[in-house]
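What follows is a set of notes on a single structure, which appears directly below.
Each chain gets a letter, A, B, C and D, in the order it is written, and its residues are counted from 1.
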């Protein structure tokens, strides 16, 4: 079974698994991240994000996002985000219940925040009745498969900083963004003013590992305590670090992301001409969103699993992974083409 | 480097790693635990704990313990535990801050609760000013390396149940307990009235996987939501499940635990006669606690890392692992013997 | 100084203060609500809301709202509300940080929810990644001075109940609503299917007292514990209860509300014809919202304090109180008229 | 009915009620504490605690204590306290669930902490697995009716400060302490190094008002937000402030406390000689703790309500109030004497 449901349906990249096996060298290693593999991963984050970057390995994206936001906010401070943000709609209320964080949401058309959104949302400064905005969180690439450009990011960072806010990037698919932008990580994070990043490795080919990377010195004060308290501290940390090393030491992160992005582009190209099919978002990373003629989704889903994204409009989401092949895309396009033809004829 | 600092300094048992590799079969699998490996792990938990057992894979022990306790408590309910319980002293305040849980602690001499402890702690029933006891949590084997016997467990379950409380077992080392008791898991959990268990696999040879196993039907209502919200839901769940399968399908869990327990027994036997060395707790699983002559700990620690357990008394803790060999124990005993001799002569 | 800034700028109604003084009878009374005054207040709530009503005295509206919602929600459940709801914008993040509650907000034009809003917001049932809707909270009269009619309330209750949700009314100004509807409390709460109410007394003439009134039996399980834990349990409870008795035993609640409502109607009538003044919401209770010509608000505010409601549009809010006199309204209208004339001439 | 159950069974001191009535002057006042009465109360706190004191009016003691501790602690920090502390046993788990605070408790014999307790409890500094001590909270006078002397307080403040901790005083009965010590408030708080105080007025004769008083500049950063979020911000704040003014402007706080303390001393003297009666704690403020012959408590309780303090030992607690008269004490002593005689004869 391989489909287009989610980029976390894919397995572990063989090079990642090999790195885990290699870290299992028969000796003991200090637990809880005090091991050489973790030190090496931290070094690699500094290489990719700049010498001031401090990084903390985490289990998963929800844990990384929530703990990152906890690190920035005092109890009366909250988080500006798009209504479609993963932290708002797909984290089971963890920001609110586990973090106590109020999300100050704003509607967008493409999942992307603008400085105007910040201006309209980060209001009532000094009013004790209102949660005070402290973090702006964006997702890169977004939940809708779109991408922030470097100038857009720079403008967001400026809008955040001039209000005393910090800019957080939920980078569950940050490698896909880097590949799509054709830029090293630092060029669209550190160098444009991003303050901290949730670095996603799982969708990029890991077994299960993410990291919170702080780019602004001092922001990570007490984060060791917060990570432990947030139940995100792995005891055998070397095996999470080894996954990150496998991706970041060479160009595996890039190869994986390029494969996924290319598959999405191929898929979008393949369906764009089909009658009644409308691609609803710019295809800029590894996701394709579309509205299909009635009945088409249901008839193709069984063979190629994917999700309906919007209960109200019927919009579907197709995700491509590090292991999606051109042949699989072509097979999927063929199946969609056949179903569209049937639907048109009925 | 191999030492006696912690049973999570050890690596992954090769059979566990092989199972992870086997689960990485090149196909896609549904994320978030809706995969065949997870179903298989759930089946194995039913085999080991009884047909009514429901199980949920988690990342780590803190996450499993806190989420298990959250599942049982309404906001005004709390948890009876020993002062030495891991949830009280080693989980970074996660029970309180992430779970909102008050721990109703009681001192013990050996890390073990008794019905009398419950009677003295689960008081003020119906008093709105006091947190109402709801969970009794015990650790098996305990943080002090001691073991609850079957009659002791039965008495605790009765004391809990007659007050309307549930009995939770923090089984970070439950395999060591089973091996030491010479009993299958159900015989000292399900069959004596335990209501839910944190099943620890990481110290037993896994890369990183634990589970919450509910033995009393209905207690797990909403637990899928709680796990997600508690940031403990792995996206590529098959790779956590595969580890549990590797341990539980055959007798790997038992072999690993027996090795560790035997090493602790050998170590205790080796040091018991040494002048000035006092073994302070019954050695019933894979831990040895001791008080050493001044200077001994420091001189041996560098070669064989271990921890001082009690800042005030200087008591040390030695943990044995699934990979501790008799030779390593003998080498450690020899080093201790030499250091004791030097200390005695000075 | 008397103005139109807020209905909590007014003082204590003399009859309320007299009741407090009367309760201070020189004897002792059991603390924490176990006193005869509290029993009497509970009886009055049953008279007004029906024999099944259970009531709990609270300090303030934020405490009452948050504790009421806490009583209904398990940790993975949340609250549907209008974006303009007080719980969303004016309670300092207490729902999220103190209650762990995610608010599932929806935009409205007049501060009122409809069944369609519920249908669009209470979605993703059974999806572990999404907070599950459990409460629909509405404000009656709303934060925008508008009113739910009985048929509207009935439709909301039906929409909530058919999804297994409960309907909560934030009744910070419920007396104003009753007066405006010309109905007893039960007629637009209990009898239309409302499940629980935050009963506001402070704006109605009390010193400081509110209550949570449960209309659906069983919903208040454990609420005594929750109130204490939510730091809302008064030790000398008789003096809060006495305030509620003063309002509810006779018709003081109605007289106070009618005075305020009449003042708002008079004010709206007085400004409606003024050039450049636009009343922006239906004036159905004791609030008037308006957009004024530039400069007018600033020039009148000093003498008659009031608030700008919307930073973006300049919309202002005028609140009338139980002590607002027709003369004061007329004086305010005269001042606005003069300022508008000046503005028009400049 | 007047008894010895609790000092919050008493009513409002007439001078306090008169002050509330006077503040109800027929005009409007800004809500939420932005009124002249609150400014005046703040001024009085500066008079009593020193010019650097900042104060915040709160509804009740639990709210004041929890919000005070929240103000001091980052998420990974906790609170050292005696096992008998009100925050530990009588606040319904509010510190843990509402504040996320772990209490690091220590047993005491008389409810009083010593520097040794701090040294034994504020341990594991820098260990990410352990909550880091940040606050030492003591109660003055204590829950057991005992008193900290000035040298004892100074030693505690030193022990706290040399570890980077702050010293908080739960002053639910701070007026009783001041009266007993014969000292102004500042002399045993500000001047000995206390960092913040929960100032209790309710038991001292108020209707219901407390305050958090910060003595160390800077500690109160963001406290306006915290108070609102903690659901402790009164809308008609002037009527809480008026109560504090009534107590603090003249010597009403002192007269009330002296009356209560004298009554306790008279009561202790009256029962000390009775056969089988043992006064168990030093009687230093307005509480008397005693163990009575079997049956005595039950037979007297009906006429003079009081509480059994310790379910296990049968120890009882007698509290005297600002309104306890010598005659009432004498009547109570006579009743106890009669009951003891009956018990001795049986």
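Just so it is clear, a contact is a pair of C-beta atoms (placed from the backbone, for glycine too) under 8 Å apart; a residue touches a chain by one contact, two chains touch by 3 or more.
Note that this is a predicted model, so its numbers are computed, not measured.
*Asks:* Which chains lie in contact with each of chain A and chain D?
*Replies:* A chain counts here if it touches both chain A and chain D, which gives B, C.
*Asks:* So which chain is the furthest away from chain D, centre to centre on CA atoms?
*Replies:* Computed centres place A farthest from chain D.
*Asks:* Please compute the C-alpha centroid of chain A, do the same for chain B, then give the distance between them in whole Å.
*Replies:* The answer is 34 Å.
*Asks:* Using mean CA coordinates as chain centres, what's the gap between chain B and chain D in Å?
*Replies:* 41
*Asks:* Please work out the Cα centroid separation of chain B and chain C, and write it as a whole number of Å.
*Replies:* So the centre of chain B lies 50 Å away from the centre of chain C.
*Asks:* Find every residue in chain C that makes contact with two or more other chains and list them.
*Replies:* 75-76, 91-93, 97-98, 100, 128-129, 225, 228-229, 233, in rising order.
*Asks:* Please output the residues of chain C touching chain B within their complex, sorted ascending.
*Replies:* My answer: residues 32, 70, 74-76, 100, 128-129, 132, 222, 224-229, 233.
*Asks:* In the complex, go through chain B and note every residue touching chain A.
*Replies:* 1-3, 5-6, 8-12, 14, 17, 20-21, 23-31, 59-63, 66, 91-94, 97-98, 202-203, 207-208, 225, 228-236, 239-240, 305, 321, 323
*Asks:* Under the definition above, what is the set of chain A residues touching chain C in their complex?
*Replies:* 75-76, 78, 89-93, 95-98, 100-102, 105, 120, 123-124, 128-131, 311-312
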